[in-house]
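Here come two complexes built around chain A, the first alongside chain B, the second alongside chain C.
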Partner chain A sequence: MERQSPLFSVFIHASALLLAVVILAPVAWLLIMSISPAADLSAKPLAWWPSDIDLSRYRTLLSAVENSAGAAFIASLLNSLKVAGMATLAAVIVAVPAAWAVSRTPAVAWSLYAVIATYMLPPVALAVPLYMGLAYFGLLNSVFGLALVYLTILAPFTTWLLKSGFDSIPREIESAAMIDGARLDQILRILTLPLAAPVMATSALFAFLLAWDEFFYALLFTSDLRAKTLTVAIADLAGGRVSDYGLIATAGVLAALPPVLIGLIMQRALISGLTSGGVKG
Partner chain B sequence: MTGTWISTRAWLLMLPLLVVMTAVIGWPLVDTVRLSFTDAKLVGSEGDFVGPANYIKVLTGSNFQRALVTTTWFAVISVAAEMVLGVLAALLLNQRFRGRTALRALMILPWALPTVVNATLWRLVYNPEYGALNAALTQLGLLDSYRSWLGEPGTALAALIVADCWKNFPLVALIALAALQAVPRDITAASLVDGAGPFNRFRFVIMPYLAGPLLVALVLRTIEAFKVFDIIWVMTRGGPANSTRTLSILVYQEAFSFQRAGSGASLALIVTLLVTILAVAYAALLRKAAGAS
Partner chain C sequence: MSALEIRNIHKRYGEVETLKGIDIALESGEFLVLLGSSGCGKSTLLNIIAGLAEPSGGDILIGERSVLGVHPKDRDIAMVFQSYALYPNLSVARNIGFGLEMRRVPPTERDKAVRDTARLLQIETLLDRKPSQLSGGQRQRVAIGRALVRNPQVFLFDEPLSNLDAKLRMEMRTELKRLHQMLKTTVVYVTHDQIEAMTLATRIAVMRDGRIEQLATPEEVYDRPATLYVAGFVGSPPMNILDAEVNASGLKLDGCEEVLPLPAAFNGAASAGRRVKVGIRPEALRLAAGSGGPRLAANIEVVELTGPELVTTATVGSQRITACLPPRTALRSGSAHAFTFDETALHLFDPESGRSLRTE
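Our next item is the complex of A and B:
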C-alpha cells in the first residue's frame, strides 16, 4: 500500500473540506434563505445567519386556503405527482415486455438502438406538432396530455434501463423452466419478473425523477392550476415580482425534498444505475 | 420453437412500446419536417408550402449564427469544466480520509436537485441587490460595488456556466469514481514499485480504466449541453441583449413566442441535425476507443 506523507494527508483533507463546502454551501444557503426573516435577506451587509428562525413561509405554502399562494403551490405539487406518477406507470407498462423481448431476442436488438437514438432528439424538434396535436384532442393544459408527452422521454429511457436489468438475469433459468414444461406467461410471472423487481423499481424511480424534473414541455403545454407542474410554478415565482426571496427559496426546498430524499436513501442503487449506462437526462 | 416464432413473439411484445413511440415521437418528428417547408402559424393558419425558404432564412440570419456560437461556448466550456472537476473530485474521493463515505453521499445532492430549483437557487445567489455572491465578494473586499451578474452581457453566460457545472460535475465524479474503483490495486502497487511518478501513473495506469466511462459521460453531457433550455430560461430567458440565447431558446421564441411554427420547425430540425452529427461523431470515437483498448 501507498504510504501517505503528512503533507499529502493535509492536502487531501483540505481538498475534501473544500469539496464539501462547494457542494454544501449553495444548498445550505437555500435552506437558510427559506427560514430567515425577510429583513435579514435584504439587510446590508447581508445577515448570513438568521437572527430568528422564521417558518411562516412553509406554513404559507402548505396551507390550502383558497386563492392563496399556498393553494396554488399545493395544486402544482399535486399536478407534478399526478403527471410523474401516470407517465412512470405507463412507461413501465410498455417498457417491460419490450425490454424483455429485446434482451432475450438478439435478432431484434437493433430496434432498441433506434429507440435509444430518440434520446438525442432535442424536445424542440417535437414540440410544435405535439402542441398542435394536444390542442386538437383538447389535451392542452391537462395532466393527462402532459403525462402522454412525457412518454417521449420516459419510454425509451426505462426500456434502456430495464433491458440491461433483464440481461443480468441468466436466460438459463428461463430455459430450464421451459424444459420443465412451464408456459411463457408462467415463467415471466413466477420467475423473471420477481427477479427483475429491484431493477424495475430503480427504473421506475429514475423515470419518476426525470418526470418530476421536466420543465420544457410543462412550460409549453400547461397554463393554469389545472395542470401546471411544480417546476413551472417555481420558475413563475423566480421570474415574477415576488419581493420575498425567502418564499422562492422555500418553494425550491419543498420541490427538491422528494428527489433529494430519494437520492440519499436510494444512493447505492442510483449510483450503480447511473454508472452502468443509465444517465439521467 | 422456431426462429420465426421467437422473433414474431419479440415484435408482439414490443408492439405497445412501438405504438407509443410512433404516436409521440415518430409522427411529431415527421410533422415537424412537413411544417418546416410551410409558413404555418402555431394557431390559426395551416400555412402554404414555401419550399426551402425557411431554411434559407434561418441559416443566413444572424440570430441563428449568434445562437450557435453561444450554444457552442456554453457546451464546450461547461462540459470541459465538468470533466476536469469531476475527475479531480473522483481522484480525491478515491483517497483515504476521514468522512469519505459522507462526502461521497453528498455528491448525489446537486444531481438530485431539480434543474429548475438549481437555476432558481443560483438566480437568487446572483441577485444584483440582495444576492449572496455580491454580499460575499463585497464583505471579503474583492468587489467595490454590487454587480448585476445575470444582467450584464459580459458575465451572464459565465454565471450560467458556473451554475450548470455545479449541478453536473458531481455526476461525472461519481462515474469516474466507479471507474477508479475498478483499477486493480496490484497494478497501481506495481507501478509504484517500478518508480512511476504521480503523473505517469495517472496517464498510463489509471487513464486506460477511466477513458471508456468518461467518454460516455462526455458524449451524454455534450448532447445535453447542446440542447440546454431549462437553466437558461429560468435564469436569464436568453438575455441580457440575447447574450445567453442558445439554440433551444431561439426555437422556443420563434415557434411559441412569435408563433411562427414553420420557421420554428426548420430551426428545430437544424438543431436536431447538429446534435445528430455530434452524436455520430462521438459514436465513431467511442468505437475507435473500444477497439484500441
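Our next item is the complex of A and C:
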C-alpha cells in the first residue's frame, strides 16, 4: 500500500505501540520489582519507580551457601535445565522419524491425529495414572521421571510442527536423490534434515519453553531439591507466611533468562522457521 | 537392441485405472515424447519407468533386463523433474556430482566429470553457487547436468521446460535437441506442449485416458493423425473438424452446397450415406484464385494478423473454420471468399470411434 491517509498511518503506529506496551509492560514491571527496595513494594500508594536500586535479592538467589534460599534456587534451576533439556532432546529424536514418516506416507497420518487427540486430554485426567506409574517404577521425585512425563507432552507437539516442516520440502528432491543412488539415511542426513533445520530449531525451542514453564506435573511428581523445578521453587517462595514479592520477581527474571538466551542464539534459524510455514496450527 | 521396452503396463489406484495397457519399444538413441493433456497418465508412466511407482501389471525392460522391483538407483536411468528438484542446501557442483558421490566415485574423477558436464552446459562459472542464487534457466541446466554426468542408459524428462518463460523455453528446447544429437542417448520426455513434442521427438506417443492414441514419428502424427483426438491435439491452431456425409459424388459438408472430392487415401472406407468427420489443417487452406481444385465458399468473420501469418475465422455453411493465410492477404471481415486446398490435405474420421478412415 503506497497511498495511505495520514490518519491511517497514525492508527497503524498507535496500534503497534499499544501491542508493544501490552506485551512489554508485565516484563518491565517484573524487572522494576526485582530491583526495588522492599519498602517501595509495600508502600501505599505503590511506588512505580524504585527510589534506589536494590540488587540484594539477586545476591540472595545466586549465593551458593549451603541450605540457603540461593542454593535451593540454583538446584531447581539446574533441575529445570536438565528436565527440559532431556525432554526436548528426546522429543526431537522421537519426532524426526515420526514426522517424516507421517509426512511422506499420508496413509498413516491417522496415527498422528490419534496422538494429537490424547494431547487434548487435560493433565489432571492423567495425573493419577501417571503418579501411580512413576511410583511403580521408582521415578517419583526424579528428573528422569519428570522428563519422561514431559516427553509425552512434547513429542506429539514437536511431531506436529516437524510434519508441517517436512511437508514443505518437496518430495521430488528425495525422489531425485533416490535416483541419484542415495540411501534413506543419506537422504535424511545430507538433504532433508539440513533443509528442515529451521523447523527443527523452532520446534525444539517451543518444546523447551513448554517443558520449562510446566508447573502442574512438576508440583505433583517432585518433592525436594533432587528434582524440584524452577516453577515449583518460585511457587515455594510465595508459599511461606511472608511473601517477598521482590524475591519472586527476581526469581522470575532469572527463570526467564535461559529461554531468552536460547532464543537469541537461535534467532536466525527461528525466524526462517517461523516464516517458512513451519508453525501452522 | 532396444534400450527400453514397455510391455502392457497397467496402473490402478483403487478403482481408477490410469494406465490401460501401454506397449512401447524404444531403440537405443531414440527420443520418445509422451504427449498428452494433464491426467492422461504420461507422468505416471514416466514414474513407473523411473521406479518411483510400481505398475499394477506389465513389465519394463531397460537394456533387455526386467527392472520390475529394481530400485531406481539400480535402473541405470537419470531423471529431470519439472520442479528441477535441485538440492537447495548443496552447491551447484555438489548437486551435479551427487549421483557420483553416492556411487563412491573418487573425488578427482568426480570433479573432472562435473567440470566436463558444466562446460557442456555452459555453467562452469556457477559451480560454487547455491541453487537459490540461479535463474530459472540456469537451474534447468543444473538439473540436466545432474542427469548427464551419470551417463545413464535412459534419460527421463518430466515436463522440464514448463516452468520457463516462452523465450527461454525455446532456447532450452534447441539446447536439448543439440545435446541429444551430440550424445545420442535414449530419452523419454513427457510434455503437454505439442511444439516441444514435434521439434524434439524422433517418435511421439500421443496419450489419452491411459492409452496410446498414436505412436509414430512427428511427421506421421502431423500428416496422418490416427484419431480425431490426435488431429485436434497436434497443430496450432488445431485442425478444423467438419461434419459431412459421403454421397455418390464425394463429400457433402453439412449446411453447404458444394460437394468435395473424396480423397484417394480414403477410397473404399466410406460408402455413400455414411456420416464422417472431415479434418483439414488451417495451414492447408488457401484463398481460391482461379477455378481449379476443390472450393469452399466462406464468409470471413474475424481476421487476426499474428505477424508471420494471417489467421482468419470464417463460416462455411453452418460450420466454423479457421485458416492460416500469408500475412499480406487482402481480406476484410464480412467479405465472402472461397478457400481451396490439395485434396490430400483432407482427413476422414469415423464420428463414433474417432478413428481415421485412411485405407492406405
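The rule we apply is simple: the second predicted complex is superposed on the first by the 230 of 281 C-alpha atoms of A that agree within 3 Å, B and C clash if a C-alpha of one lies under 4 Å from a C-alpha of the other, contacts with A are read in each partner's own complex, and residues count from 1 in each chain.
We take it that contacts are C-beta pairs under 8 Å (C-beta built on N, C-alpha and C of every residue); 3 or more make two chains touch, one makes a residue touch a chain.
These numbers were taken from a predicted model, which means no experiment stands behind them.
K.L.:
If we overlay the two complexes on their shared chain A, which of chain B and chain C does A:Thr250 touch? Say first, second, both or neither.
P.N.:
neither
K.L.:
Looking at chain A, does chain C or chain B touch more of its residues?
P.N.:
Counting contacted residues of chain A, the larger count belongs to B.
K.L.:
When the two structures are overlaid on chain A, which partner does A:Ser76 contact: first (chain B), second (chain C), both, or neither?
P.N.:
Touch status of A:Ser76: no partner.
K.L.:
Quick check on the superposed pair: does A:Ser175 touch chain B, chain C, both, or neither? Answer first, second, both or neither.
P.N.:
The second partner, chain C, only.
K.L.:
Going by the contact rule set out at the top, does A:Thr222 touch chain B (first), chain C (second), both, or neither?
P.N.:
So A:Thr222 meets neither chain B nor chain C here.
K.L.:
Who does A:Ser34 touch here: chain B (first), chain C (second), both, or neither?
P.N.:
Neither: A:Ser34 stays clear of chain B and chain C.
K.L.:
For A:Arg104 in the superposed arrangement: first (chain B), second (chain C), both or neither?
P.N.:
So A:Arg104 only meets chain B here.
K.L.:
Would you check which partner chain A:Ser142 touches, where first means chain B only, second means chain C only, and both and neither mean what they say?
P.N.:
Touch status of A:Ser142: no partner.
K.L.:
Given the touch rule stated above, what does A:Leu195 touch, chain B (first), chain C (second), both, or neither?
P.N.:
Second partner only.
K.L.:
In the superposed view, which residues of chain A touch chain B and also chain C?
P.N.:
Touching chain B and chain C on chain A: no residues.
K.L.:
Which part of chain B faces chain A closely enough to touch in the complex?
P.N.:
3, 6-7, 9-11, 13-14, 16-18, 20-21, 24-25, 27-29, 31-32, 35, 42-43, 89, 92, 95-100, 103, 105-117, 119-125, 127, 129-130, 132, 135, 138-139, 166, 170-171, 174-175, 178-179, 188-189, 192, 213, 216-217, 220, 223-224, 226-227, 229-230, 233-234, 237, 247-248, 251-252, 255-256, 261, 264-265, 267-269, 271-272, 275-276, 279
K.L.:
Using the touch definition from the top, list the residues of chain C that touch chain A in their complex.
P.N.:
My answer: residues 50-52, 71-73, 77-79, 81-83, 85-90, 98-99, 102-103, 146, 150.
K.L.:
For the complex, which residues does chain A have touching chain C?
P.N.:
170, 172-173, 175-183, 186, 190-191, 194-195
K.L.:
Along chain A, where are the residues that touch chain B in the complex?
P.N.:
Per the touch definition, chain A meets chain B at residues 1-2, 4, 9, 12-13, 15-16, 19-20, 22-24, 26-27, 29-30, 33, 41-42, 44-46, 48, 90, 93-95, 97-98, 100-102, 104-105, 107-108, 111, 115, 117-118, 120-133, 135, 148-149, 151-152, 155-156, 159, 184, 209, 212-213, 215-216, 219-220, 230-231, 234-235, 237-239, 245, 248-249, 251-252, 255-256, 259-260, 262-264, 267, 270-272, 274-275, 277, 279-281.
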